[in-house]
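Look at the two complexes coming up: chain A is in both, with chain B in one and chain C in the other.
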Partner chain A sequence: MSADATILAPVRSRPDIRRLSLSIARPLISIGTVFLVWEVAARAGWINAFLFPPPSAIAATLWQELLSGELLQHIGRSLYRLLTGMALAVVFGTLIGIAIGMTAWGRAIFKPLISAFMPVPTLAWTPVLLLLVGINDRTTIIVVFIAAAFEVIYTVVSGIEGMSVRLFWVARSMGASRQQIFWKIILPGIMPYLITGIRLGSGYAWRALIAAEMLAASSYGLGFMIFDASEYMTMEVIYGGILLIAIFGYVIENVIVGRLEAATVEKWGVQVAR
Partner chain B sequence: MLANLATTPFPRMANAKPKIVADKVRMSFGRVNAIEDVTCTIGEQEFVSIIGPSGCGKSTFLYLIAGFEKSSGGTISVNGTTVTRPGPDRGVVFQEFVLFPWRTVLRNITLGLEIQKVPRREAEERARKWIRLTGLSGFEDAYPATLSGGMKQRVAIARALTYEPEVLLLDEPFGALDVQTKNYMIRDLQNLWIEANKTIVMVTHSVEEAVLMADRVLVFGARPSSIVADVRIDLPHPRTVDDRRLREYQAEVTAVLSAEVDRSMSLERAHPA
Partner chain C sequence: MTPDVAEGSALLKERVTFALFDRAARTVKFLLPIAALLLVWEGAVRAGLAESNILPAPSMVIARAIELLDVTNPAGGMLLTHIATSLYRALSAFAFAVLVAIPLGFLLGLSGTVYRWVSPVISLLLPLPAVAWTPILLVAFGQGDVTIITVCFLGAVFPVLYSTIQGVRSVSRQSVWVVRSMGANFGDIFVRVMLPATLPALMSGLKLGMAHAWRTLVAAEMLAALSSGLGYMIFAARSYMDVPTMFVGIVCLAVIGMLIEHFLFVPLENATTRKWEGAIHVGGRR
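For the complex of A and B:
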């Protein structure tokens, strides 16, 4: 259960409200304390204010970048790459996962390939992609795709393995065609697992994207922003970028996927072993 | 619906057209020899009940008729055609219900019609009848995870009945029901059978259920099983439990069955699986 689902649930009684506000307040307190100590330490000169600019200065820089429109470009470009790569990973990962889970040829073709390439860190592909595709969005999108696809394939395969063969029997005894079995049985059947795959995959993909943007983005993207700032040693931008990466990472993994979960798994009352 | 049906013809008889023919059917799973040699003919519109010790291969036999699995030997034919795969002419109610967790009660029940491309409105109309008869009214929009075992079983029964297969294969369809609900369902299933002229094969553990509902009771022996008794229940439908002749049939079947259960238990002890 994500924090988001707790928010969506109807408020029944006062203790619920208290528990909810506590669950929000606790992490804020711990993060806030760190920032506060940092702020005081930087201002008092206990730490190097160039290497560790106070959070207030980081916030001011971010605000300026936002006003200039630059920041939105960086964020927008990163999200565009992430979402495009993720969409490809979900579509192809699901199809490959189903082929592995349901067919002998799928297992024969894809299983060895996946076992061989899964341990390769996604970033190791970047130099190859740079040569093949060039410095452009396509390279970073493919990196996102690779980072997420393995996780999606893996969870889809275990989703199919977790489905009772009797579900297929019931559908076939009703005369279901292959297409009908795909749309009405397999897809909804693997959905709880697929969502887990998307959750984990999007986390990996986000990290890989930021790194790839440092290596292979010609312009824009949060990773590029940080990399570019390090050339000019603007520490505020670097820290601001890190902060935004953390925030967006959290939102993508928990809030967006949490919505998906609430619309499917939680509605159906299905449990998925993680 | 047909509770006021005063009398009905005598049990549909042996001279009926054969619907399901099993010829020397064998089935083994690796080293486990589940079914040794089952040969029988089930007539058109006959209601046949299968009873036997636990683990003797009753469900397996039903799955073979349904075409889910391939037998290790022998043939089964339905309507004169050898069974090679499942088909919408044979509806199955599983011992473990097998509902689709992502579909509501209503959508589980209309699935068969949906697959056959029946328009949604009509499908829901036809489902309503069985939702009402199985006492599921008010639960149409519930998801299976929120239902009790008995309710799940009723959804499974309604789902198989709604798309109207010619042959109904029921694997202990009342196992999870309380006595009261079970009695209702037994009555409705009997009425359905009388009205709709279905061929029904029902696996059960209850001799009383078997003799009350079926034209014939097939007793399966201990594993590796074959049919050790084929008892025709020569009484008109609908029957009542307090009929003296029904009691006699019940005693007869029980005697054969107990002998087989004893044999099965001693075999198990001698050669634990």
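For the complex of A and C:
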């Protein structure tokens, strides 16, 4: 019946300011309600307060960890691994993507290899990497690289395939060299696609990083923090870590790279359909 | 008449053989780089360029796979058990996810008000890796199937939910109006308009959900499995520096993931979306 109400109701026009303030307030209210109900239920003893510690206790623990400097270490180390792995993925992914998109040998060599490696779950490489490179940052960085690289390659290739051949004709007829074509046409042309690839890739990379940190628990990192806390059964730290992982994941994928994507799409007027 | 037919059939035969030949050539071209990589790898190990106990040659991996597949061997022969356990966990988690996510997705997609209030919570949970719940589940349930299946469920449920919501929300109002103006009740609208229009999104959601369940499974099994499962096999092999077993596990994970997509979802798609292809665009384009 609710379907009738929403789909068939006439479209009401609300004042813009009210709608805007509601769109900001609504997430705060709905997420706040969840935490409030949780808090009350935990305090009143309706749910197991050990397994579901009240949000206020989680916030207090996070605050303490923040003051002691531990939390910043964990966050910093996770972000360092993510950024390094992403940077590698962007550089190599773009190069391989261009090789596939522009050259026959690149397509012949890399396409089969990629379709052979793509179905392997990224995290399955972790134990092999642990033996090959040891328990250190390099293992987690390589996992991040693998998780993000396929997405970058995919979007770069589809970017090149989506480019108009006329661009090349025009450039070449005006006597552009191969280098000029690369820097002036291909690179700007794939940029919007590349940013979409980075956005999707960073989402996968963040997920893989957390799991890799749990498996290759070296010393720091948010994934390590929550897995380590499960051995001491400090539930507040686990929940706090999960909350931070969710917030960082959201901010990285939707706010930082998302804004960048929106800006480039606006600037170059390209809509990347995925 | 007869020569014509004979000529035609000869032409057809030629075309069929050509197509077969073309296909074979493409397959060879596709497999060539992979074979080359394996050969270089094998050669590098044999020549002593790579240490065989860290990076075993493909022939050693194959030998280990045969050893692990041999059911009569009491010490080895565990591979099929591992595969069966992993499949059981991934498929049951996926089934739970579908049972929860599709009804919930329709509810959220159909009601704009509920969607607007719940979507912030979903978008907070969406970027969260399912594996991150493992520590809590480990404390609550300990190691074992419950923890693993729950983690996989969490991995699969959000893609299915998200696609279902998007699919339902993209159903055009006009087609609902048209059917309604012709006197259809809510049940008719649901079965004849909503469901066919949502199916493509639903299918891609299911595919994504199963892929997520399978990918999450590996990590979950590494962290929480007691005795079997492919992820457990790979992770346990690490303690014995048994790299060939790891590679056997990795190949199995990739191949089974591909087989699931090929034999579960391609027929499913053929049976549903292709059948209703005409119905999908009702009101959508015009």
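Everything that follows uses one rule, which is that the second predicted complex is superposed on the first by the 251 of 274 C-alpha atoms of A that agree within 3 Å, B and C clash if a C-alpha of one lies under 4 Å from a C-alpha of the other, contacts with A are read in each partner's own complex, and residues count from 1 in each chain.
Rule of thumb we're sticking to: contacts are C-beta pairs under 8 Å (C-beta built on N, C-alpha and C of every residue); 3 or more make two chains touch, one makes a residue touch a chain.
All values reported here derive from a predicted model rather than from experimental measurement.
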Should the pairing of chain B and chain C on chain A count as a clash or a fit in the superposition? fit
Across chain A, the partner (chain B or chain C) reaching more residues is C
Now for A:R207: first (chain B), second (chain C), both, or neither, which partner does it touch? second
Tell me the contact category for A:I135 with respect to chain B and chain C: first, second, both or neither. neither
Could you say whether A:S30 touches chain B, chain C, both of them, or neither, answering first, second, both or neither? second
Is A:I245 in contact with chain B, with chain C, with both, or with neither (first, second, both, neither)? second
Using the superposition on chain A described above, determine whether A:I185 touches chain B (first), chain C (second), both, or neither. first
Once chain A of both complexes is superposed, is A:M235 in touch with chain B (first), chain C (second), both, or neither? second
Using the superposition on chain A described above, determine whether A:L113 touches chain B (first), chain C (second), both, or neither. second
Least C-alpha distance (whole Å) that remains between chain C and chain B when both complexes are overlaid: 17
Once the two structures are superposed, pull the chain A residues common to the chain B and chain C interfaces. none
Show me the residue ranges of chain C that touch chain A in the complex, using the header's touch definition. 29-34, 37, 54-55, 110-114, 116-118, 120-121, 123-129, 131-136, 138-140, 173, 176-177, 180, 186, 189, 214-215, 217-219, 222-223, 231, 234-235, 237-238, 241, 243, 246-247, 249-250, 253-255, 257-258
Quick one: in the complex, what on chain A touches chain B? 164, 166-167, 169-177, 180, 184-185, 188-189, 191, 264, 267-270
Chain C touches which residues of chain A in the complex? 1-8, 26-27, 29-31, 34, 51, 108-113, 115-117, 119-128, 130-132, 203, 206-208, 210-211, 214-215, 223, 226-227, 229-230, 233, 235, 238-239, 241-242, 245-247, 249-250, 252-254
Which of the residues in chain B come into contact with chain A in the complex? 63, 66-68, 85-88, 90-92, 94, 96, 98, 100-103, 111-112, 114-116, 143-146, 159, 163, 165
